[in-house]
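Next come the structures, one after another.
Two complexes come next, and they have one chain in common, subunit A, joined by subunit B in the first and subunit C in the second.
Moving on to the complex of A and B:
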């Protein structure tokens, strides 16, 4: 050691910190943050949890952005909380508490610089991941533009995870704090999944919840993306982060009276924000265009997004929202054969138009049921909702599977509606429910039409009263009720007719059939 | 006076670590001697404003560290090397010293030069870009000294600073201490009596939480005259004589 090499000057004035000091402190922390070591792990986790599955789905902005919020954060949040705790417990683990405690920078300011460095790296990586996924998605040419609210919720989750972990590490420094913090955050996220399944409305605040029970391809297309729930989530997450970080500023050694007062205010504000966000989420309700929180809702978001539909060719053209352009051939292939049989019939649709949803109904286990296709207007138009169906390419779903699914779910409903069977609500994924006691003739015609379309009838139920050998209620206008054998015979007869003959008969009798004035025996 | 202490005490639960210390110290190198458990580290931690005293009056650099504002001003002019120095393994020597210069709120424009100077003074210039995890124990101790002196402190508190240093480094370090002590108050807590003899202008001996001797090293050496105190060097014999006398007085009182 050399006393002579550097003579000590004697600046005896009280030094005043410069504004550049905190920036340089942050720079040092940025350079040596342990978060840097985690970045490759996070990048790999993003690839496995989000990017790869996203590429197995069609390029819809809503699907891709939803995965950023749910898939990515499920993996990122526990890891970030763990590293946050590791960073936060640094001084305690390393025996630096005394040394750091004897320095002039308020302890709380130093802690915030350390947390900020870790969080900046985590946010940078997250935004990089967003950039990659959105860049690739944009390259695939989807309709519309990227959705940023799910990204904002993800960014808030990153900050909150780091803050909660960091606070845990500072308050409980130890070798196992990081692992415990990661585990607790993971369990909290898993617990949120269970809570939301139990229809707990406050659980809508769960950071992985994108739009409540809506499937990821059912929002942000026909209407603007509703940011209500995302706003509440950001409020909750920012509040959580503020409360956790603010709590670090309470101890006597954290800073002066003013700073500790500020820390207390930050904590209180954070708790208030988190509580308000949760309370607002508790008021969320399911609407056709997404989750609506009345206090945060902007009515302008309820106006449909204008678009020019893309239409196929055929006797009855199928027109889809341009986001579904790639699915037009499959939808046309699914409905075309049926539509060609119905073309020109009185009340038959002259066009098929995709709609958002015709109605939504809460379903058990945080589910949602969409309304069925509906024929309406003059000339008649078939409103066709595709939301909730598994689209071709979604989760590697083959086109044939989509075509079959669409036919099975919507074909009977369209026929039922045309022939005048009660248009009972179709619950997606369940068999259609048809008929009552007065619709045997309609039922027979519908079955015959579908047999021609798909082979064996897709309608699983038969009219009540039509049991093996028993009478069929509803054919009673000419005396005794027909047996199921009579019903089956009528179906077979009508199905055996050439398509042209069926069409001609329907053209003249469909109105009467729909009105219930045709009996089984009158079916050719 | 940079250090003014009156009736200072510190308790940890039922243990009285510091039991009424009176001390005044101006510029110069001040040696704090004493056996294990005498209360030296607790006294230094109070002087470093890490822990508050239980009772008594403490003024550092003319200010009361009990209030936050003055305490912050004191800390800007304070250098502290704790007994057990922790470190961030992934930091380089330069980054570690820079980090503490910034924590001491040095003006940012002065930091690079001050860091370089401090590192050169502890002869770690060639290791400035080495990660701390790669350094030996002695080198880490020198890094600790560098961070303590980086802000050219007016009050420098060193707890066992020469632990782990080889003889040549200890000799160099004493020269640094003497240099710093020309205008700053340097308080060195140590077990190594020869460090005190070589570098300190004044010395205090603590036992059972109290200062039982306060004077120059020569005065301590003189206390050995006419006693059968043991020790390899004159100052060591003085140390033993003072300690034995203090304990016999304490024993008689009890």
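Moving on to the complex of A and C:
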């Protein structure tokens, strides 16, 4: 048989369905993707950057989930962008671009298959790492369930990093492309950190940003995890990936007219999605339970998660959210001595209940300020927030350190609130509110009670009216302001009283003290 | 270098210079020395060209400009004041690592008598160039940890890039410094004490300096003796 006599059309069994070409190409690419060689490096990087630090923290789902987005992606994104660039520049480096451009499968489809293979391996590794971390965490028996939105953002970051790197490699093949792609992605992440710290509104879209300024242990327990910011981030990252990949389909050799039109449409849609995500992130605001984007917010997320608190025993029981069950002994040990001194006093808390937060205020440089414990209701209940505190076991924090820290941080606040002083009077030093004899008595009582908790201490803040040399004439409506010696003497007197006598005096005089009707000299 | 240039005769190769015919013995010796010198220079130039050293230098200058720009905006303290300069230093090291890749492979290994010396000289010279460029870029600006920290970090990152080049190949050598950077950045806030995380240590920390120097020395030694790993799939 000669060529002239050969049948013009191929036998029916040889015809390949149009979709089978890219699928077969994908199978080939999956077998020979360089990403396979990077998987051990990525796994090691995950262990060092995420797994090991995660295990240094108590088994809270929110802490460990947040690390899967922030810690893991800080390492994965630049590496994946570099390998993506390496994969993308393969044909260009080998001088095969013209050759593969003439194959049966359109060039763009071939490029997408190559990118998809690399991305599938990267996603498989990332999800495997997530599975390991979540499996180990679940084995430790934490309350609640895993958070999936940080994982979704991480998966989108993986795809986007591969896509951006791949596009860079396709467009600028060379030996430095992969290194520079990794460097640029690293710089972009660092620049995002800089922008978010500079309070740039749109910087909330930064892929390593889990819940804005909220510490990782302050969300997703008392209320459902707010997915608003994560939705915007996924939108942005998916758009970025689509725009990068779509741009590869523009050149004339990428495929037919329809295919190039589709590539252009994908690019435009990607840019629109990325822009929309960024714009939405710009509207994010700090609320009590996380970052809220009004256009994406679901009111159902504002309903508290039901739970049965775990309570300790004592004169004033301490009740915690079950996720913090392991910390109940430490919290009780920190506040118990103070609470037992205050038990039965008018206005003193009869129970301590853990709350997510008492108040939240955004602070400069992407910071956040949580309100102190608050005594409210009748009978009085102490609302105790633990968000933002370094819990026992967090970063190898010993229990004794947590107890001491909680006692020093919240003890004075509780005492001050009980005696009618502003919450931060003792802890922040000079306070203009403490400006006359009335507050001086409250101050002295608070100091004496605090001394019972934390041991002997010098007066750290002196009411502005009080002077070491003696009273300041005309400083008070009730006569001369007390000197620091007088104040110290009152503190010493009251602190030296037996606990029963102190308690009895407070039971009788606390209401008057709170109202400012007790002077320093009336303190026993 | 292109294939067209390979077969061209060396312009310096003339019979008189080679001392092959005529002339006194001393003149021939001088001629041979001159020839060896010019041939050596040509060898160095060709080696540098085959490793894209000039492009690397241009990228290093770009890194220096990026560092200068970043330092203008960065705060003088805090994690970011270290993070972005470190990233640029790691990028410079990654680019140096990429120059170790040989486009010739086995033939070059088989015939290049001076190859180990060239493999030693190029990364060391480029590292010096990187330190110089980045130091110039940070001059008159506040660089956290100063020039000593810069020298230590660039050397350490470059050592990692060279070691990665020996294991993964020159083209993938960037994985070493970039992965190390990603792993150690959290250490900037964590106050890690181990000297092996030298970017997180103060500039005058002797242990950190020793570790970075050891890594650099190991990288240079491995690249000098073995060269970057060749891949037939390049």
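Heads up, the rule we're going with is that the second predicted complex is superposed on the first by the 476 of 524 C-alpha atoms of A that agree within 3 Å, B and C clash if a C-alpha of one lies under 4 Å from a C-alpha of the other, contacts with A are read in each partner's own complex, and residues count from 1 in each chain.
In this section, a contact is a pair of C-beta atoms (placed from the backbone, for glycine too) under 8 Å apart; a residue touches a chain by one contact, two chains touch by 3 or more.
Note that this is a predicted model, so its numbers are computed, not measured.
Participant: With both complexes overlaid on chain A, does A:139 touch subunit B (first), subunit C (second), both or neither?
Facilitator: A:139 sits against neither subunit B nor subunit C.
Participant: Does subunit B (first) or subunit C (second) touch A:41, or do both, or does neither?
Facilitator: second
Participant: Of the two partner chains, subunit B (first) and subunit C (second), which one does A:95 touch, if any: first, second, both, or neither?
Facilitator: first
Participant: Is A:103 touching anything from subunit B or subunit C once the two structures are fitted on A? First, second, both or neither.
Facilitator: Touch partner of A:103: subunit B, not subunit C.
Participant: Mind working out whether A:257 is in touch with subunit B, subunit C, both or neither, as first, second, both or neither?
Facilitator: First partner only, subunit B.
Participant: Going by the contact rule stated at the top, is it subunit B or subunit C that touches a larger number of residues on subunit A?
Facilitator: Residues of subunit A touched, subunit B against subunit C: more for B.
Participant: I'd like to know which partner A:25 touches here: subunit B for first, subunit C for second, both or neither.
Facilitator: first
Participant: One more residue to check, A:182. First (subunit B), second (subunit C), both or neither?
Facilitator: Second partner only, subunit C.
Participant: In the superposed arrangement, what residues of subunit A touch both subunit B and subunit C?
Facilitator: Touching subunit B in the first complex and subunit C in the second, residues 34, 94 of subunit A appear in both lists.
Participant: Please output the residues of subunit C touching subunit A within their complex, sorted ascending.
Facilitator: Counting only subunit C, the residues touching subunit A are 52, 55-56, 59, 66, 73-74, 78-80, 83-84, 87-88, 90-91, 94-95, 97-99, 101, 168, 170-175, 178-179, 181-183, 185-186, 190, 234.
Participant: Residues of subunit A touching subunit C in their complex?
Facilitator: 34, 37-38, 41, 44-45, 48-49, 53, 71, 74-76, 78-79, 82, 86, 93-94, 175-176, 178-180, 182-183, 186-187, 190-191, 193-194, 197, 395
Participant: Would you mind writing out the residues of subunit A in touch with subunit B in their complex?
Facilitator: By the definition above, subunit A touches subunit B via 1-12, 14-18, 20-21, 23-25, 28, 31-32, 34, 90-91, 94-106, 110, 255-257.
Participant: Give the list of subunit B residues in touch with subunit A in this complex.
Facilitator: 45, 48-50, 68-69, 72-73, 75-78, 80, 82, 84-88, 90-91, 95, 98-100, 102-109, 111, 117-118, 120-123, 142, 145, 147, 152, 154, 169, 172-173, 175-176, 178-180, 182-184
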